[in-house]
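In what follows, structures are represented as structure tokens.
Across the two complexes that follow, subunit A remains constant while its partner is subunit B and subsequently subunit C.
Showing the complex of A and B:
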């Protein structure tokens, strides 16, 4: 017990230390990298939401983009209609998405495997057409989501992108820290039990359906936060910002990170941001045609996804742990 | 009255295309217990092969069988070199249940990227081989054009052929047997792996036909990111689930039902609700009858 507390405290300081490092790094790199950093932080939140759902409670969602959209629209509506402060927009996004998640989860808990995957996929395919129908959601153009300029106290040199980076990183750090603790709590253990052996879990007195709905709700809340962050970095919310490819990219990121542990989440997030750039430089070097340049990122991501599923199905982090154990 | 007839015709036509897609999902599900989310990508690829034939030989009639055959070859290839390895590799561990789903997703991405490599991301066009102007009765125009008639005839013929293969031939018997009880089939001397590959090939052919017909039924445009194909995937899946993922008859029934319901919603309620209707229909069926409207006897094993 004593150990647990100590590791809790050290983890907390670990997160703070990580935050300080981010702060220093954020100050020393150029604008583009800072912007990419904000995107990485957004992906960290989104991917961890999928890892929580898939890796810990065994439910698959191919339509997380839809939940991100709920968060993004929620934040933008709060900002535009009530002129709410930024933090309130994010909190609202989390709550709204979690509410949707609870509704979806109630249905999802009855489905399993491919049925759930297909249903969420259908949702992600249909989402743009649904969002297009409502006037107050701004149709095809969507809504503007402007969080305003960074506070003057941070100095004149403080750029908007750096402000995005700060907000996104802080949000990611807080949610990671909270999620770490949650997964080590009773709920985390219950979810893992359900994933490994849902019948045994039920026999042990766990209310499987209720726990699954809870997992879906928490996951949706995180997805909503990620959606608000995403909308912040691109300053708008529109159906086009949450395409099917986003949902697939998030699922890919989760698998590359290793769906069973939270530890690798940064791997997936960095990969998703880095791959377009890597693809670009490869295409440049070999002097590829326009067709190849456009499709190389997709090829790399999908190839990586398939290789991961084939060779390190539990993700690189878990694989390394496993190897160490074998050696000892 | 006339409007009801027209709506009915539109629904049956689109429903019959969804039926092909649903059948290809059911065939794959029955043979390998995988819901193949790459099905739309495979259909898209075979449609592009068809496009290439139309381009070179200027004949849709040649392109249709070419698309079907290439679809079959591609699907069989994927099953042989990819799915078999994958299912052997990841049959245990925490992500065993989602690995096939994720893998077919990766496959979808790969196929789209390949299409982009060779044909680019811009729209290409397949001219409809027959007139898309409806027949007219007196002063009114029927929503039944020669092209729609072709679709209906082609789909019914394919369904007849499939039924014949399944019910009257040895290979059809082997397909049914290895879907129902793979272990026993193996003992009875059926080469289950080979039969599975054949199931995938049939699915690929059905998908190729669906892609060619859907493109000609729509505006003829074709692109790797086409929404039509995402919708084909979603509606195919929904139709297959409505009918029951295990039943070919169910897939056809589910698809026609879905096509009709969507057509009536489109005409009488409005385009905005089409997708929501499909989604609600899916959820209702999943909650009320998870095994599908036409499911085989209880007691079948998953």
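Showing the complex of A and C:
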């Protein structure tokens, strides 16, 4: 008991330390890196949402892009129609997406495996297009989501992207810290029990369907937060920003991170942001043709995905942990 | 023990993240980015891969070809132009990321030809074009919002608005098919709404209007129901005012159903190459009516088209000459005119001012008047209507361009008396 408390406190300070590091890093890199940092933080939240759902509760989602869209639109609507403060927009995005997640979870609890994957996939295809049907959602062009300029007290040199980076990093740190704690709580243990052996879990008195719905709800809430962050970084929200490829990219990021552990989530997030740039510089260096340049990012991500599945199926972090345990 | 390891790992991942962010040190900021005494760097982000890419992905190559031609002949005011190309797959999130790379890493002087309304809106806002004063030359969208100079003071568009196009089609219907039954297929979002407004102003009374939800054209069976509805209503003329994939679905199904009315294709969905990529052979288009503001790519008697063909053959080897090449080269040509007009002491501010001041008189291949002024950032202001031949080329009827011009508001559609300025010698900024 004493040990658990101590590790909780040290983890809390670990997050604060990480935050301080991010603050220092954010001040010493250029605008582009700061912008990419905000995108990485957004991916951290989005991928952790998938890891929670798939890795911990054993449900598959190929349609997380749709839940991101719900969050993005929710935040933009709150901002544009009620002039809500930024923090409220993000809170609203989480709640709205969680509500959708609860509804979806109720359906999903009856499905499993490929059927669940298919349902969530259909959602990813369908939901963003719905925006085209309602005028208040802005159609194909979407809505503007303007969180405003950074507070004047931060100084004139404080750029908009640094403001994005701060908000996104803070949101990511808080949600990761909260999620870490949640997964170590009773709920986390229940979800793992269901994932490992749902019949045994049920025999042990766990209400499987309810727990699955709860996992979906929490995961959707996180996805909603990620959606609001994504919309913030592009200052708009439109159906085109949540294509199928986004849902697939998130699933890819989760696999590269390792779906059964939250620890590697930063690996997936950094990979998704860094790959296109790495591909670009490789193509540039070897003087590749246009076709190669355009298709190299996809090739690298696919290659990495295959290598991950072949050699570190549970993700690099889990693998390292496993290796150490064996040595000890 | 496990806890300790996990901590170590999270610290390790923190260091990796920090390290990867620090990889590039900040280079010194020049007074005017992307500009030296002998060079100008421009940037474009456009779908080079993905569903929206066919046709459009030829635009950057066409631009590069014209710039290389200009560079080989001394450049503009002694400066050679380079173009950095990025692929955004028609996804606004990627478009912003790529625009940021262009602005912050490649340090381009200006953006050119970015494509798509949602992408352009996102770039203008998130990349803060307004506060940074970065020119966005000749964005590829017909969204009338870019005419709002207050919201988008550094953006210029070349394409006429969808509303203008609908008004011109309305005028044509009125003159050629008065009293006939007319049908309309349109996209049920603001692209279509812009068009409906235009048709309303033209007082066109459609016998049947078929809206489709964006994306539904790809669903099996949907396009078939359009044709069934059209066959039941039996109109004489059908206006297809949709994106390429919807136009392709309509034409393909009509062929399968042996349904052949008189077609009028809107300019967005009416590009033969893009339709061919959507599995509609050019011969399906033969006899249909279409709209354009640039000369026909098949018209080698036009001095601009002739010059573009030569440039394409030399600097863009092996790429078929079509509408997209003309579009890309037209944008590049106008950009060169603008840069020249801004003078040797080039600045971003100066470039924008030059287009506002002299833009309406720039030499360019377009057959309609250019609307650039201190109050308007919209380029072409109308269309000519012609007929597709069996190769999918749009040709003017009777070999003569009949050009209509109008505005995005309540103005009338009138026959244009615009005399295009003669092409500068060899198509160079002399």
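Quick note on the criterion: the second predicted complex is superposed on the first by the 328 of 328 C-alpha atoms of A that agree within 3 Å, B and C clash if a C-alpha of one lies under 4 Å from a C-alpha of the other, contacts with A are read in each partner's own complex, and residues count from 1 in each chain.
Throughout what follows, contacts are C-beta pairs under 8 Å (C-beta built on N, C-alpha and C of every residue); 3 or more make two chains touch, one makes a residue touch a chain.
Quick caveat, the model's predicted, so the values are computed rather than measured.
After alignment on the shared subunit A, the placement of subunit B and subunit C results in a clash. Of the two partner chains placed around the shared chain by superposition, subunit C is the only one that A:320 touches, whereas subunit B remains out of contact.
Judged by the number of subunit A residues each one touches, C leads among subunit B and subunit C. When the shared chain is aligned, subunit B comes close enough to touch A:55, but subunit C does not. Once the two complexes are laid over each other on the shared chain, residue contacts for A:310 go to subunit B alone; subunit C is not touched.
By the document's definition of touching, neither partner reaches A:19: not subunit B, not subunit C.
When the two complexes are overlaid on their common chain A, residue A:7 makes contact with subunit C while staying clear of subunit B. Residue overlap on subunit A between the subunit B contacts of one complex and the subunit C contacts of the other covers 125, 129, 132-133, 290, 294-295, 298.
For subunit A in complex with subunit B, the residues that touch the partner chain are 54-55, 58, 60, 62, 107, 110-111, 113-115, 117-119, 121-123, 125-126, 129-130, 132-133, 195-196, 244, 248, 251-252, 255, 259-260, 290-292, 294-296, 298-299, 301-303, 305-306, 309-310, 313-314. Those residues of subunit C lying in contact with subunit A across their complex are 1-3, 5-7, 9-11, 13-14, 16-18, 20-22, 24, 26, 48-49, 61, 85, 87, 89-93, 96-97, 100-101, 104-105, 116-119, 121-122, 125-126, 128, 143, 145, 188-191, 193, 213-216. Listing the residues of subunit B that touch subunit A in their complex gives 29, 34-35, 37, 82, 85-86, 89-90, 93-95, 97-99, 101-103, 105-110, 112-114, 116-121, 224, 230-231, 233-234, 237-238, 241, 245, 272-276, 278-279, 282-283, 286-287, 290. Contacts from subunit A toward subunit C in the complex involve residues 7, 10-11, 14, 18, 21-22, 25, 28-33, 35-37, 39-40, 125, 129, 132-133, 138-142, 144, 146, 160, 230, 233-236, 238-241, 243, 245-246, 263-264, 266-267, 270, 274, 276-277, 280, 290, 293-295, 298, 317, 320-321, 324-325, 328.
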